[in-house]
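What follows are several structures.
In the two complexes below, chain A is the common chain; its partner is chain B in one and chain C in the other.
And then the complex of A and B:
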């Protein structure tokens, strides 16, 4: 046999082996028929590469011989706002479409989303499934989800070190691929290269992405996903029982819910936070004038003060401060 | 621009009329302009917003405004403004509100509405002499829907619909419409270009426009980190560069008479500006497209040579 044939044969065996493991782990998989599918939902923020993650995963699954489907969903909102995307992986044609309400695996690409009442990334994750959170080591497992595997990895931290940018499409896809226990490393790397090449990335950045994806794939455990009630969609439109903002708070009877957008707390969008050094700040107001989001004021000592509830971390203030009184600090805190 | 409230950045009013927490992109170049507009008008404005990125400012039930807002379809912001203006005038006439309680009517739209879809309704409004302000945040494409080319997209920019290909390596092959001139040809009381980096210039222009009754039109340079592919922190720096390289001339026209309000003494090479943005990356990578860069540069020099001559400006323009 030629070399490539051997390789593909080995690959075939690997897939068979993994598929077998998956079958035995997965009670509802039936006798050799891959009817149920694996559903993965990615939650991130615009600009992190959420859509690309689901694409890489879908392509990797396809390269490994599965049927795959991926699609993103984003509202009318912008960079920094919550974005979701989906990948379905199956052995047989996929007829299901649209939103995944009952994922086997959820990839949370920004830990602050866990507390976002609009994004609600953990909704509907199946018992026995897996929750991956991009967070620093020691990040506490979310409450009420003990029946799922909980995995963390500091993707953003590593992306910043390796790529120099907080874009985590390739490592998120690699994490998801590993967690499925189905997709081979070589396929993930190939899919990463293919998808990113389509985005016209420079070679150097492409290589770094592949390096990062490989690292994450190796580092992440492959838990035994054992999801119950798979196949049947238990779709429950739950009422908002924990709204942090009540209607009365938001709407006043006159048309005067004026300037209430501060309640949205766009501070969660940040990855870095600007910090003013009061020793250096002369109160020149340059940062106040250029901050697009009206987040800076002067305090009684004539020093700039930043509203961290809403600052989106664009760092225009840092860039424009003539005295270099503002520095940027990596932030990992979860906002309420 | 003789007497003005605005001489230095110190004169920028501290009162804030735009609340934080809007869902626009971090580092958006349009929001600082809107903030300043509100400051200059002391918040006494009703906004008419055509479809575009700013649609998102007001996602129910949240609003960053402390004043009223009306949303219209792409083409009809000036029509909306006309209705509001008429209503206000009637209320004043009937004595239901006092003239000093009057508020300004401000349209703000993106370049898609201003340069393309709403061009005719704006033309109509200018022709009718509607007393309103119009602020375009010109980020040179339809960025609300994924950055497709608009009439404002400059030559050689890459957008979702003008991607550089093997056949058309320079990206967009057409050139940017000159909206300033289109509007100026109607001879409205006031047209100006502004930039978020040049705040004092902007505030003065809004102040001096306010003296006139009739259409007061502003075109704002708007760095868009999302569509232009630059870091969010760079928006203001890029705006400064656009002015310094002569890409975005700051000017005004009062009843059609043009005057440049800021003249860079030496024009910086346009390359410095182009290199800041991913939408021009293909001009430098993988191969440098010298003839394209040169064409862009020559265009800018030509413009400024003409201006230097007609306005007798002291400006150093290298010959290519």
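And then the complex of A and C:
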């Protein structure tokens, strides 16, 4: 997309400042130094555009003349499962790859991940770094991270309004780019256009993404990241042959505890939640048959009840209910 | 996309080179495109699929002219690859882990037929347990098959090594297939800036492939005939072995030409900070990047550390390796693989290469790390160098299994969840 086109989008943008910075005890706000490499870690869920965010940021940095590296990590799980991606930005060749353990900036694209014991998005964020959370206004700063900048913005809300979909790759990348204090707006928008065009996005949706990215870039503050290269050895080495790991018997690759998928609380995966209207529900059990995760049962009054601990919000029940007794409500609270 | 001026060693030649953000997978696809391959038999497997998707997209858009066919398995894929190569087509294919194993018997056929195709293997640990992340048990299983093997550290290496592999494979003094290996995730899905040589540069570097006695509809040829009695079999195997050994100097020759054209130098084994190094780590593939970082950090603290990267794994550059390692105080070989019941595969080969070296290192330690893509942190690299400096009481031939305490806790937690009493 040509620059002039991008600019014309920006012209008619209605910028609505929705950014919130919480006061920080860190004294060097606005006057810090930049360590040789800036490391950004994105935490989100499959389908939100986590990988694409890291790519837009990587390309934007590259367009601005930096050496960049971006990569995702994901497993075999589906849409909604936690996904992590990384961008490294440097003026010199990058001598690292893989997982970023000590990010300067963390972008949490789904606030429910803050309480996820597997994702642990705030692990290792450097002192003087920044934590961005995609959340509704008034979201409280996480405890124990007073020594970092904390920024929130309701990316999902704005994405639903502008794009009509809860996909937030371009605004997440724009937020990260602005927080780095290094990446220009024009590069972010150009990178957004490039990366989304590679995904064969239709022009209209692409334009809306650029509009959203521009809005977020302008609204997010640009704190000066003031972190130091973590030089100390922190993790203890315990070679398997030194540690007294003695196997008296063979360890089979078995899972003896059956029914353990209930332990994985997938209720956090929801962006919308299905709500049953007991007045309309006749207990016909169609939703129970269709629910792919066996999350619906009938209560003593013969009404459908949804297990919100595990319901992923796929909304198949809503589509299948013959009586239209199920509605969709935007999920807003953090599920603990 | 951006243009940068790259001054090559040919002072007169200043080429405008394109630099793009590419994953290892897309870099491999670019190499196939620039090599102007004719035929791409394919079968999908994570983490390799993006290579084939990219090539299919280009062919669909008409920017690349080649035939891409999805076969019904890797066995068929490799059979199609080898036979097509014998007709005179330049053939590219790619697979990973289980896929490589499924087509395994054809590897020996392809080399026996002298079909000089290039196969990219995207390393992935072999099941069971099931993983998607890399170690080198897959590619090293193919070590004895008569394929040349090149191992990439960066996405740039992937592109360069595929082009070099075609040149060496198709050379009449070699005429053997190549595997170019890249790590899944750490390269395959990682984007970094990659210099793309121009089509003209690649054409200058890579002459057309002219097959010997190719298949033609009008002229039947028997390839890979059966030979009973053993003497003819032995004679041909010896001939393949000879061609393999010759491939080292053919690679060095090709690499020199490539460096003149692109400014990038590739050697069978590459030294890093070796000048006065007393403690040296030998390793290969993408984690070498972190190994180099560890070496730099140790240097800042005054430790005379160095690193040797094995790029060409078959033929094994024994002499070059022994030369780089002579007179060192202690050497560790980091294997991202395990020959179960024996230990690190590369360790055995390095030990073999050093046996006849007069001034071989005093200590040679075996280290195993990164199995199934387990991250090797800076701390672990520094731990290895620490043991190299203070090896007291350690049997150097027993592999040191790199592991961290937090990882051990994670394992115990998982065992507990599985009901195996580990928690």
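In the analysis below, the second predicted complex is superposed on the first by the 273 of 336 C-alpha atoms of A that agree within 3 Å, B and C clash if a C-alpha of one lies under 4 Å from a C-alpha of the other, contacts with A are read in each partner's own complex, and residues count from 1 in each chain.
We adopt the following convention: a residue touches a chain if its C-beta (ideal position, glycine included) is under 8 Å from a C-beta of that chain, and two chains touch if they have at least 3 such contacts.
Since we're looking at a predicted model, the values are computed, not measured.
Residue contacts after overlaying the shared chain place A:78 against chain B, while chain C stays out of touching range. With both structures placed on the common chain, the touch criterion links A:62 to chain C but leaves chain B unconnected. After overlaying the two complexes on the shared chain, residue contacts for A:96 are found with chain C alone; chain B is out of touch. Contact with chain C, but none with chain B, is seen for A:70 once the two complexes are overlaid on the shared chain. In the superposition on chain A, A:314 makes contact with chain B only, while chain C stays out of contact range. Looking at the shared chain after the overlay, A:263 reaches both chain B and chain C. Once the two complexes are overlaid on chain A, the chain A residues touched by chain B in the first and by chain C in the second are 76, 251, 255, 257, 260, 263. Residues of chain B that touch chain A in their complex: 9-10, 12, 14, 16, 18-32, 35-36, 53, 55-57, 59, 61-68, 144, 196, 199, 225-226, 231-237, 285. Residues 2, 21, 128-129, 132, 185-187, 189-193, 286, 289-290, 292-293, 296-297, 375, 377-380, 382-383, 398-408, 415, 417-420 of chain C are the ones that touch chain A when the two sit in their complex. Remark: chain A residues 55, 58-59, 62-63, 67-73, 75-76, 94-99, 101, 231, 233-241, 243, 245, 251-257, 260, 263 touch chain C in the complex.
In the complex of the two chains, the chain A residues touching chain B come out as 46-47, 76-81, 202, 247, 250-251, 255, 257-266, 269, 284-286, 288-295, 298, 307, 309-316, 318-320.
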